[in-house]
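Heads up, the next two complexes both have chain A, just with different partners, chain B and then chain C.
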Partner chain A sequence: MSYRFDFLALLPYWREFLWGVLLTLQISATATVSGFIIGTICAIARADGSPFIKRLVATYVEVIRNTPLLVQVFIAYFGIATLGVHVSANVAASIALTVNVGAYTCEIVRAGLQSIHRSQMEAAECLALSRTQIYWHVVIRPAIERVYPSLTSQYVLLMLASSITSQISAAELTAAANRIQSVTFRSFETYIAVGFIYLVLSFVVRAAFALFGQTVFTRRRKLGTAL
Partner chain B sequence: MSPIVKLTDVHKYFGTYKVLEGVTFEVPRGGVAAIIGQSGSGKSTALRCINALEAIQGGTIDVCGHAIQDPELNRRALRCDVGMVFQSYNLFPHLTVEQNIMLAPTCVKLMRKPQARDLAHQVLAQVGLAEKAEHYPEQLSGGQQQRVAIARSLAMKPKLMLFDEVTSALDPQLTGEVLKVMEELARGGMTMILVTHEMAFARKVASQVIYMHKGTVWETGSGTMLDSPRTAELRSFVNNGL
Partner chain C sequence: MTTSAFSIVHFEFLCWAALWTIGLSAIALVGGSLLGFVIALARISSNKSLRWASSLYIQLVQGTPLLVLLFLLYYGIAVFVGPTIPSIVAAGAGLTIYASGFLAEIWRGCIEAVPKSQWEAAECLALRRSQRMVHVILPQALRIATPPTVGFVVQVVKNTSLASVIGFIELAQAGKLINNSIFEPFTVFVVVAAIYFGICFPLSAWSRTLERTLNVADR
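Then we have the complex of A and B:
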């Protein structure tokens, strides 16, 4: 074992690392927000939609959960190109990750919806609230509060999994690393550095979610209960 | 005076299982009806039918001018006139006491937040919990939660209040504080129907006691009916101290 580490060789490339970090964050933030919206709508549709809608959503969820993310990314990338629409690799990556995380979000939020006892809806009904009002105030909010830790894990996982989109040369962090190691020939150092950066990113994303949760779910903040 | 609630020959099935077999009674404005009876005799079901939480298969129910059996029934209008309190409180755990109470007035009556907050404090004072407005349900005792649930209903200014065994989950001391609130409501002229196992309370507060047995009104009368039951079933029910 006479390998001599030389992390200094990476220093001149800090800008590319930084760009990679920003793009990773951008792609995963986009997918998180849109995936959350899609997933939540799907969860409600699956709980309360017509039989056809229910089956449609179930099919979407099962197809996504039972195929590799990498394949989904390729299908999105080449599929969109085949439709004659020109989108950058970054956009294709965001779309693929959105569709992917939407399915997982659907399952998580669905579990949350199921955890809300019928008596809660009945109480709201007895207060003359409309169906939409009941859903919004009494079902969705507490349901999401309840599954918030699972959602956080899922979105951290998404951020890490976004490295896969380097395969369609989306310009995120792993792609940056691939380029840097090919010019510095310092592969080991590069990927150690990148691994470390992902580690930090995970902590940052987790912290951001915790902070956001404390702001939105006021009860947790006031009672000091952990999310 | 015309009744606020009138049930006429109400029949209710769960599948083929008959729960209500021709229930008939009426409650006048300002009346307090206590429904008593063994577990499984259909008391909760009767109460739920009055609030259109269950569909009925026969007979008619008129509640504050709403025909419950009508397929076109406007449920939300009905529930503006009827308040209901359950054994398990059913407060919304993610909202403060105040928010629990403000929800319906702001959503349904489109009341502005400041007015709704004033209203919340007013009904909270009525149940003796003015200082708990900022608390969350889980920070309150069972008795306090139940009083908040009553306040939440009162905020909608109902013409009729339904109580389904609201003290059954509480120990005697907490039961007392909830019953006190209900007694004050009755004295204030609120029309109430309550399912209860508190015989002393029924005797004292109810203007009318309805003994249900096997899905029918087996015996009905004033509170003194409990001291001299006509039917053997009510006699054994009263004697068993149930």
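Then we have the complex of A and C:
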């Protein structure tokens, strides 16, 4: 029971931690943006597509939501390689996370779309807005505005879940930690430090989303309340 | 050296490993709900420092990845208690902490979702705080809490796959082992994913049914 903590032993490796943080942010930002686009398209397709498309999207969402991300990452990494295309671990990680978060986004945005009352669309039609205009101004934007808090939590969870991609040797923060602890033998300190970094990152990402929401959804800012 | 194809023997091994996945989920859920319940109560307690401490705990658990928590327990605690601790202990403890942090927050929301008038009515009947909780609030909160809790069970089952990183042989780790011997990653992991799906999908579907039948949102 006489363990002496030595966080200073980690100091020479600050550069590796920093690179890990940057790569974690890069992978999760890529997955967030592309997952958001895929998820939103899927949500629209599920609401207004042909029966076949609806079935297809529903299957995609269910399969992704009921299997572990770790296994999805393995399938993406090894599966793509089996097809004969060579991609780096970082790319495979981004692809797996995109596909994963796309399914979750689809569910969340779908809930938002369902919350838009029918009368809103009818009113827009009466105002002779075109189909695209109705979709953009009356359906999608207000829908996303309503589910924005849920999306934020989901993307913070995604950032934390990106640690899983260390298992296919994507060189993000957790992988950096694994490497550093195997060099320094300071496993306890390393994982405490990394846990703390993730904690800070999750606060930063949350704050960034709040700020982004303030600038994009100006209506909420004026009203001062959620819609 | 001959490499054999994916066979029924491998499938049998995966099924055994799936039982460990279920067992580990059960450990995490039992431990996580006991701890999570206490923390949910602490979160709405009248004691300020208790509220603060439980809130900090939830922030810590929800703000760090489960993977890092597992590494911390497995390698970190070993520093204190000996060369290594059994992976089932580290995995069980890690998943228990993870589940408690999320369940506490889910249940706090459910307890607070019981209409204010119920709290006030209980107070008017001169029930003590504990009586009010046990006889009035919790039975109603239980109804609200069932669908999201079943939904969260799916998350726990999926996240037991992370126990593979500290050498616990459950479904994902069994998949890795088989893949190492026959090197057919695509087949192996698709089968592994299918087994997870077979466990999780009925739970997800059940959660949705509960949501409809208990019809909490429209009350």
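Going forward, the second predicted complex is superposed on the first by the 225 of 227 C-alpha atoms of A that agree within 3 Å, B and C clash if a C-alpha of one lies under 4 Å from a C-alpha of the other, contacts with A are read in each partner's own complex, and residues count from 1 in each chain.
Keep in mind that, in the parts below, contacts are C-beta pairs under 8 Å (C-beta built on N, C-alpha and C of every residue); 3 or more make two chains touch, one makes a residue touch a chain.
Fair warning: this is a prediction, and the values are worked out from it, not measured in the lab.
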Please determine, from the superposition on chain A, whether chain B and chain C clash or fit. fit
Once chain A of both complexes is superposed, is A:A128 in touch with chain B (first), chain C (second), both, or neither? first
Pick one for A:S119: touches chain B only (first), chain C only (second), both, or neither. first
Chain B or chain C, by number of chain A residues touched: C
Report for A:Y104: first if it touches chain B alone, second if chain C alone, otherwise both or neither. neither
So, does A:P142 touch the first partner chain B, the second partner chain C, both, or neither? first
Given the touch rule stated above, what does A:V63 touch, chain B (first), chain C (second), both, or neither? second
Touching partner for A:V194 - first (chain B), second (chain C), both, neither: second
Name the contact category of A:Y155: first (chain B only), second (chain C only), both, or neither. neither
In the superposition on the shared chain, how near does any CA atom of chain B get to one of chain C? Answer in angstrom. 21
Touching residues (chain side chain B, partner chain A) in the complex: 51, 53, 75-77, 79-80, 82-84, 86, 88, 90-96, 103-104, 107-108, 136, 138-139, 152-153, 156
Under the stated contact criterion, what part of chain C meets chain A in this complex? 59-60, 62-69, 71-72, 75-76, 78-80, 154, 158-159, 161-162, 164-165, 172, 175-176, 179, 185-186, 189-190, 192-193, 196-197, 200-201, 204
Please name which positions on chain A make contact with chain C in the complex. 1, 3, 62-63, 65-72, 74-75, 78-79, 81-82, 160-161, 163-164, 166-167, 174, 177-178, 181, 187-188, 191-192, 194-195, 198-199, 202-203
So, in the complex, the side of chain A touching chain B is made of residues 119-120, 122-130, 133, 137-138, 141-142, 145, 217, 219, 222-223
